[in-house]
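Chain IDs A, B, C and D follow the sequence of writing; residue 1 opens each chain.
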Amino acid sequence: MLDVANLSVTIAGRGGAIRPVRDLSFSVARGETFCIVGESGCGKSMTSLALMGLLPRAAARSATRLALDGTDLRSLPRRAMADIRGNRMAMIFQEPMTSLNPVHTIGSQLREVWYRHRGRNRAAGEARALWLLDRVGMSSPRERLAQYPHELSGGLRQRVMIAMALMCEPALLIADEPTTALDVTIQAQILSLLRSLQDELGLAMIFITHDLGVVSRIADRVAVMYAGRIVETAATADIFRRPAHPYTRGLLECIPVPGRIARRQPLPAIPGQVPSPAQDIAGCAFANRCDQVRDACATARPPEAGVAAGHLVQCVLYGQAGSELSCPS
Amino acid sequence: MARYLVQRLLLALGVIVFVSALTFALTEATVDPALAVAGEGATEEAIQQIRRQYGFDRPLVERYLGWLGGIASGDLGESYRMRRPVADIIGEHLPVTLKLGFLSLAFAILVAIPLGVLAAVRQNTWIDRFALSVSVIGQALPNFLFALLLIIVFGVNLRWLPISGSGTWQHFVMPTIALGYYAMPALMRLTRSGMIEALEADYVRTALAKGLSPGTVVFRHALQNAILPVVSLGAVQFGFMLGGSVIIEVVFGLNGLGYLARESIRRADLPVVQSIVLLISFFYVVLILLADVLNGLLDPRIRSTGA
Amino acid sequence: MKRRQLLQSAAVMAAGAMLPRSAWANKAADTLNVPLTFGIENIDRYYNSVVDGGILARHIWDTLIYRDPVTFAYKPALATAWRWTDDKTLEFDLRQGVKFHNGDDFSADDVIFTLNFVSNPANKATGQDNVNFIEKAEKLSDYKVRVQLKHSFPPALEYVSGEWPIYPGKYYERVGPRGMGEKPVGTGPYRVVSLVPSREFVLERFDEHYKDSPKLEKGGNIPRIKARLLPDMATQVAELLGGGIDWMWYVPADQAEQLAQMPNLTVVNEEVFRTGSLVIDATGRSGVPALKDKRVRKAIAYAINRQEMIDNLVKGKSKRLDVPCYPTQFGCNAAKAVVYDFNVQKAKDLMKEAGFADGFSVDMYAWRSREWSEAIVAYLAAIGIRVNLQQMDYFAIRDLMRSGKTPITFIDDGYYRLNDSATIWQRFFAKAPDDQAHDDEVKAWVEAAARINDPAKRQEFYDRIIAKVTDEAYWAPLFTFSTNYAFTKDLAFTPNIDEMPRWYNARWT
Amino acid sequence: MNDATATAAPAPAAPESPTAATLHRMRRHKGFMIGAGILAVMVLVGLLAPLLAPHDPYLQSLAKRRIPPIWHAWFYGSPRATTLHLLGTDQLGRDYLSRMLYGARISLAIGLSTALISAVIGTALGMLAGYFRGHVDAVVSFLISARLCVPLILVALTVVALVGSSLMTLILVLGLLLWDRFAVITRTATMQLANADFVLASRAAGSSWLRILASEIFPNLANAWIVVLTLEMANAIVIEAALSFLGLGVQAPLPSWGLMLAEGRNDMFFNPWIIAIPGAALFALVLAINLLGDGLRDVTAPEGRGGALA
């Protein structure tokens, strides 16, 4: 239902253009949870803002295809795009503490979405808000409506954010690191809440995270992003079982698993530096950190290769068949 | 909330008593009120007699307490020069100054907030630079200088507006602009910086993600947050305008509190001077309290911490 | 040339300067708009002491006797005749058929109530000097009164004709000074129709003002006078240029020259009954011992180039002054004065002789034109006296002076327009708070003169006073004042020397 | 953002020292450079006034009163304008240019000394309150509220009128009235800094509180402090001009610009230049100081675009 091809984001700046997102292509199907995973700064958040049309003023978006349920979002007038936001496509953010307006009540912020997209009917808006608050697991929802954000804990605020995103039954929910700012137990609750809501409402969800642990719990499919590009896309199980790209493997190595790494041994880390988004990258962006780098990596962008059904990887190693790979460490 | 308010009120009261004591001591220590009362050509005996009659020979503290006691019962004393109750005299002069203050504040706000919002929304465009220039000029142009320019252009050369007096609304146009323009830059800058901050805030992004129109986002979400400090500053500015309208009143011949103050200072009419200073301090205190309350109404976070 | 600059600046400022000029009020509205420079605290003349109060008082009320502003001769007003029955007793025959603005008839009761009320110290009249020599006023018949003085007081008629407005007795008894201030009632040629205390007074011609009034001898007057408080000189000039007022006075000399070039304005210079002098603290109590030395005081008198100041700064009909009184006042005999012509060398020699070759520092207090003060500062600097100028308001300086804190003061005095030299000496050489000389001899002469009715004998004392005061250089007399009146060409106005503009005699042309 | 892959943080773009970076930002800040430029000229003019002034600013010559400035000879053919008095002469025939030059001294002296006095008072109070908190803070906060409630112009006017005005009185009165902003910012900043590690360390090492305030805390709030200093300087200059304008400021013959404005005011409708010259100088000076202050704020604290100080 969401179809993206060659999505790029360019930010014009004094010292030349910055390209935080480069030629992204992916699609998300109805009811599916699509995870985008990568380090901070790799362009995940920029991608989500680009999809929502909420890029900062200096940033420009380009794509050969960007369609939601067949509506081409690329050429949509500002007003029509706003009609879609919060309606067919909603988003929740990383910082529940600051993402709600401190001077308005929860109820007013929830109803506002309804008024915007469904017309000014207080009773209907309130009913929907109450139902959703209850649905996201908040006790005594009626009182909540009159409360202000500062009276709620972070976890509760994130539930409010989720309810707010769902006010108009969107087809697509973009969740940008929704659990990062929360502590672990709350994180788990929110994840399972999202999971169950998705099942119930048949949502498509783009879930952005840097945490592979979270990915394993929620994703149907995963895209691994590095320096503005997707380097590997696969079903969740696939990626954990058979990571193809050296970077993905590096990431997986870095997850501390009890027992797997001996005590006192330092956590493995990928050596080297991420290329700056201002840099032009001729070949593979990971080339300078990759322990299996080839000459070809530096010159041309690696072709996309399928290593299994639905498992795509951008790496020269897969250009020629039969290369054997091993874990970097 | 109640306890918080009571605390604030007590503090305000303390501040007023302190300020009034300072003013009283300062003025009474520098001027011999008996001389002022006695008038021209009074003999030494007459002065001595006045000293006894008015109780100027009592210690300062005693006189201060007496004065304070009078105020508590609504008696501001009697003017040395006009031989009339100070309260009446102030009552005659206050309306002009209040009117000027309100108009100037309204002018300042009506220019500052739209300009500040516009400058923030269109940051780094010509509008922003224009707004900044207007504010920089306003800060650097002393209001009496500006007032003189207005008089030369609109009063004398164009004859569009009356130069002095307070008879009609036209009389208030130039004074309002001269006084208001001086207060405007600070309000404008605060609005602008507050708006810039608010527009970059996460909740504004949330609001946009909800599909709200830019107008709703700017005014309902950003401005309502950015306006909070502006309200406090506005209150302070209003107090400042009441106290600082002296020059404008003198230049435009407006017979308000400022003019009365200057005239009473010239004539060492201490009861009037003391009462005016006290009154304006009182206004300040009330305004600051009011700003707090208003902030509380606008900002639920303050409201509940006060509870 | 200067007018062209003004016009150019106008043209540059906006093309709108070409618009027809609208007048706010004046000839068309039959209202004469005039400025007041001082806030009149209470229009009741016995309870204010500012010049403006005296001016309005002369429009609203009448006095028993009228003093001709040109000849200074006394003329009948509310009293048709008057006589001294002895040194301390005055009798007045009152005019019949005079009406107050409220319809009351004028009679002896009004005179005795007014004078007895204001002379009673318990009623705290402001200008005590004007009334405190009254013992009592008695009714002899309905139109005859006797005023008993406390002591012999030669200049009494000056006060009678100047500062004794007569109020309606019954009304005044009922409302008191406060009521009189809020709703003044008199017999004068104008009555008050509305007022905002100290701020604005609207007067209307009183058509029943008594016949044969000396005030209206020139005939013709304007139906309404609106006097508005405009304390600031520049604002007054602006209003005059902008058409907001029709008349102003005390226009500084330079501006007067400029205004004279405006096509729609008339500027007239006239002497005023006012002198400017430096008063020097000869007692040393203000902490400048140098001034106790006569030679230093003389040096100061020599150092100031009065003629240069008059020619360039003061201008108009002002004249150089060598005496501590107004030249036309009774007893002001310039022949007896020691004269100090401008002579820097002599001044320097005197300074050296006194042991102050290197000069000294001193504070000078002044409330009149800053230009004049600054010019004096520069003159004194030339002989080594470093003057720290304290340009302050009159009332503040007066209080400082009375507490002996002012080494040199630039004073000016209008003597309540009383035509007798003693009026100022009594204050400055005989009474404690204002006396800066503390010369017992002069004090004794002043007090003695005050009790002598025979003019020739009084003159003897006056001569001695003038000789000693000028020889000791207690004062450095500077110049007589003159003032510039500026008004629209539409107006016929004649200024008088007694510093009392008579708007009731003004006419539209 | 605590990424799982922790070390991969991008390094800062340029390895400049903080001072060099600040200097660089200064050079690129237009307002700051303009302000600093004008102010530098004014300071120089003030310092070198005795050398630059063509005449004695106090020398009066009543015969040469109100000679118009030289451009009146160029544009209006004024025969009196002369190169001897480039800006003309004032109402006592004193050279206007020389008085303007000396006037720069007075405005700057008043601005600086007033700001310094209030800075000392405000900073001392603010630091004590921020460091000791509790009762000290309560007292200082009370004083700040009291100060805020005092109608500044009125009280200054009253004091000057009653005590008598001199440069010293004026500086003292304004100095005693303008300290509130210093107190407010130092109080807050000290509160934040008092718990910083380096302060705790210093305290643990047995430094006295005076030493801690002076050598640990003060240097860290110097930036904000200098910004307030400039703003208060501008403020003091404007207030002095206003008081002088009302006739209660600096006393003649000192050539204060505010006083020159007041003295020229009666003449402004006829000889606009007489107020235009000191008016423009006053405007330029206050503008320069404000630009400098704004610039300093932007430059020293680029992340905090606070308008709150204004």
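By our rule, a contact is a pair of C-beta atoms (placed from the backbone, for glycine too) under 8 Å apart; a residue touches a chain by one contact, two chains touch by 3 or more.
All figures in this text were calculated on a predicted structure; none of them were measured in a lab.
Touching chain A and chain D together: B.
The pair with more inter-chain C-beta contacts, choosing from A-B and B-C, is B-C. Mean C-alpha position of chain A lies 53 Å from that of chain B. Centroids of chain A and chain C (each the mean of its C-alpha atoms) stand 89 Å apart. A separation of 38 Å divides the Cα centre of chain B from that of chain C. Centroids of chain B and chain D (each the mean of its C-alpha atoms) stand 23 Å apart.
Of all residues in chain C, those that touch two or more other chains are 9, 234, 238, 241, 393, 396. In chain D, the residues that touch at least two other chains are 161-162, 265, 268-269, 272.
Within chain A, contacts with two or more other chains are made by no residue at all.
Interface of chain B with chain A (complex): residues 201-203, 205-213, 216, 220-221, 224-225, 298-301, 304.
Residue ranges of chain B in contact with chain D, taken from their complex: 11-12, 14-16, 18-19, 22-23, 26-27, 30-31, 136-137, 139-145, 148, 152, 156, 185-186, 189-190, 192-194, 196-197, 229, 236, 239-240, 242-244, 246-247, 250, 258, 261-262, 265-266, 268, 273, 276-277, 280-281, 284-285, 288. Those residues of chain A lying in contact with chain B across their complex are 52, 54, 82-87, 90-91, 93, 95, 98-105, 112-113, 116-117, 148, 150-151, 161, 164-165. Listed in rising order, the residues of chain C touching chain D in the complex are 1-6, 8-9, 233-234, 237-238, 241, 252, 254-255, 258, 308-309, 311-313, 363, 370-371, 373-375, 377-378, 381, 388-393, 396, 400. Partner chain B is touched in their complex by these residues of chain D: 31, 142, 145-146, 148-155, 157-159, 161-163, 234, 238, 241-242, 245-246, 261, 265, 268-269, 272, 275, 279, 282-284, 286-287, 290-291, 294, 305-308, 310.
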